[in-house]
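Two complexes, one shared chain (subunit A), two partners (subunit B, subunit C).
Presenting the complex of A and B:
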């Protein structure tokens, strides 16, 4: 990639004998909005803090804008960071919170005023400038934290789970606001979350991490449609993908997967599997259609969740629970028999031993 | 703008609520109020008694058992203030207290910051050792200290008071400040680091202002320690001109044949008064800094 802005090369981090990042390689393009996503404890914050210069680098390199920053102080890396706890200076007014970094950099007074005005304008902070953080709501604090990052005019924005302290409605609002801000400012952004919905909706590039490694990185829908590993398949998408362990059997002329309970699932024509191979058979809930009786998998409805424009369904069949999403208004109640028809063209197959996509 | 109430007032609900709140208030009074009253009496009675006694005539205290002075006068205060050495003793107390507050606070702030923020080797052990001077009874230190200070030629100088007072105040102040600094979220300081603040600026512009109630608390305790200190000054100083107020108060009791209780109590009141004023002034500060949003 030509326009690489941030690059990790075989980046490692250990705390004493415990290695928590096991060699991260990634290139991030200029202006990109990158979301690091993964379960708790997988090393997202550690990676972000290493970029920020708050955590020493054990091995490997980080470069920003073509310059290796391993030995460069946090304040000179051209970054700004928004913390999950906001970390506002509680004894300073909003205005002082915004001006602190500029003061430290000995910015001329007129430039300082102009930058604060601009940031306050963008984030609607004008009426709050003379308040203390304790006098602000959660959402307002969040915006002040972003304002504090903004005034530094950083080349790289770092966010560590900035929305996790907000209630659901505000979270959705701020999500859109951050996205809009990025579209306006075009600063390269690295955003950490463990919320896969945030990852999918905000990112240009999603990086799924697991246990100190990158599982897969790519555009959101690319990852959704072609998860490279079982972990990614399971992690992205809500409700989660149906994953069934099974064995490939020959059912001339074509092959199928026997997942137990008398259920044989069809394979796509081009699937490169051999009979007897142990696989995991994955179907997104929206790729399971409700068929006519006798067609597909026989199951019994166990849970119906009407969500308005779509209906979520749990159905039990052959000892498995199937999650189904239908955009039709289904007229079923728990206990009703249904038959589920997988869309064979959109099946995800993984090797049971390695977890890799087949 | 007028507000029009659309619902009829419901007296019964109001009454229930009122009784409920009464009961709540009564409970709160028993739990908080009564102990407070006892505490206030406990702490103020001796002072009130001393003030009243200081207003009596010299021998009145032996003659009548009434609490109130029959013929209140400020003569005793005049007498204390006109003692030839009084200004000197007051100055000694003030000087020693100022030095033994500013120096230990400065050292303790730096030490506490280190203890709270850096995971260096033997940190916990060192912090414990820090307490040793306060665990050992002060009296047991006096003989070795006296020998040491005599060897150093410091007996009967301000230095001996500066050094011993500072040394005994540092552990106290440090322990208080470690707690305050330690409770400040790390991210706040990390934000300041990214914002370009070096260690000195982080301490001065971020850590100390946020921990200000702690700094004031530690300061008040340093002031109290130094102002009231008695054992060291008694052991290490013997010239009349080097005495502090508590020392002189003690000497006063010794030197007067028939004790002039009025003068004695006037001296006591004048010794306590400056401390009381400092308390009242600084307590305000502590409250102010908390109210102004220093605590999240």
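Presenting the complex of A and C:
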């Protein structure tokens, strides 16, 4: 990429003898909105704090805008960070919270006033400027935290799970607000979350991390449609992908996967597998259709969740639980028989031993 | 979902019985505290009231009392020995507070950052109160005795002069301040450490990114955030410094040349050696007034004057 703005080269982090990041390599383009996503403890925050300059780099390099920043102080990296706890200064008013960094940088008074005015305008903070953090709601505190980042006019925004302390409705609102802010300011953004919905909806580039490594990175739908590993397949998508362990069998004329319980699942025509190979057979819930009786997999409905514009089903068959999403309103109740028809063209196959996509 | 406003609009007003029930419920916490409060205030109040009564009377050896009004007060305020002890007390308290708070802050910051031995220290910090002021004084005598004391042993070994620490008025006063600090600093450290530990670490990270240096972070973030705890430790160190007398008595007995005769020590002299309970009680009232006024000033400035406290109202 020639518009690379942030780059990690074989980046490692150890706490004592414990290595928590095992060689991260990634290039992030200018203006990109990158989401680091992964389960708890996979090293997302550690990576973000290393970019911010809050955590020492054990090995490898981080460069921002073509400059290796390993030895550059946090305040001089051109970054701003929004914390999960917001980390507002509790003894300062909103205005003072916003002006603190400018004051530390000895910014001229008129510039300071202009910048605070601008940030307050963008984030609708004007009526809150003279309040203390304790006098604000969660969503307001969140906006102040963003305002404090904004006044620094950073080239790189860092967010560490900024929405996880908000209720569901506010989270969706703030998600849109952060995205809109990014579209307006075009600052390169690295956003950490463990919520795959946030990752999918906000990112230009999703980086899925697992256990101190990058599992896969790419555009959200690229990852959704072509997960490179079992981990990514399982992690992205809600409800999660149906994953069934099985063995490839020859069933003339074509091959199929025997997942036990008397269930044989069809393979796409171009699948490069050999008979006897152990595989994991993956189907997105929306790629399981409800067929006519006798067709496909025979199963019994165990749970129905009408979500309005779609219906989520759990159905049990051959000792497996299948998750199904249908955009039709289904007239079924638990106990009813259903037949499930996988869309063979959209099946995901993984090698059972390595977890890699076949 | 039903909008909140509709729920509120729809709720019927509370009946008188419901309001009374509400009122009773709000009384419960107070009701639980009252017995303890009455006991503590009773004991304290009795002692204070008794002291005030004593200060307004002439009491002889057989405890016969004659009311004399403010005579004891007038006499004692004219007493040059009292005036001198008052000045010494003020110097003693001011230096103890300054040194004591500085040391406590230093120790608290060290423990906060090092983390190592924090728990051990928490236990250790109560030791001075278990071993009592007398034991503190005895220990300091060992350390500062002119011949054979630890300090002079070290100084002598280094070829430096070995002064008579407890024989010289100025040096003895300094040793008394040190002993007093040794006694009160551990607890003040604990209070400040508790304050430091309430600060969210992310706030320091935010300050680092915002470009605050170590000193700026301390002055602009740490100090204001532990302001209430600072007030409480100030109350503690001033109270101890005004009231201390066992340490001084055992360390220097007020000497040499009355250099360490603080009001508290003089009070002991008058009340228990000269058996003048009236004038002794006047000194008690003086100390009590100082302590109370100072505590109120600290509370006003550090606790109720805290911006967050004001904002919360």
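We adopt the following convention: the second predicted complex is superposed on the first by the 358 of 358 C-alpha atoms of A that agree within 3 Å, B and C clash if a C-alpha of one lies under 4 Å from a C-alpha of the other, contacts with A are read in each partner's own complex, and residues count from 1 in each chain.
The rule is simple: a residue touches a chain if its C-beta (ideal position, glycine included) is under 8 Å from a C-beta of that chain, and two chains touch if they have at least 3 such contacts.
All figures in this text were calculated on a predicted structure; none of them were measured in a lab.
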Mind checking the superposed model to see whether subunit B and subunit C fit together on subunit A or clash? clash
Given the touch rule stated above, what does A:183 touch, subunit B (first), subunit C (second), both, or neither? neither
With the two structures laid over each other on chain A, which partner does A:295 touch: subunit B (first), subunit C (second), both, or neither? neither
Of the two partner chains, subunit B (first) and subunit C (second), which one does A:354 touch, if any: first, second, both, or neither? neither
Once the structures are superposed on A, label A:61 by its partner contacts, choosing first (subunit B), second (subunit C), both or neither. neither
For A:105, is the partner it touches subunit B (first), subunit C (second), both, or none of the two (neither)? both
Subunit B/subunit C common contact set on subunit A: 52-54, 74-75, 79-81, 83-85, 87-91, 100-101, 104-105, 132, 134-135, 148, 152
Could you list, by residue number, the parts of subunit A that touch subunit C in their complex? 49, 52-54, 74-75, 79-81, 83-91, 100-101, 104-105, 131-132, 134-135, 148, 152
Residue set of subunit A touching subunit B in the complex reads 52-54, 74-75, 79-81, 83-85, 87-91, 100-101, 104-105, 132-135, 148, 152
Touching subunit A in the complex: which residues of subunit B? 185, 187-188, 190-197, 201, 205-206, 209-210, 212, 289, 292-296
So in the complex, which bits of subunit C are touching subunit A? 200, 202-203, 205-212, 216, 220-221, 224-225, 227, 306-308, 311-312
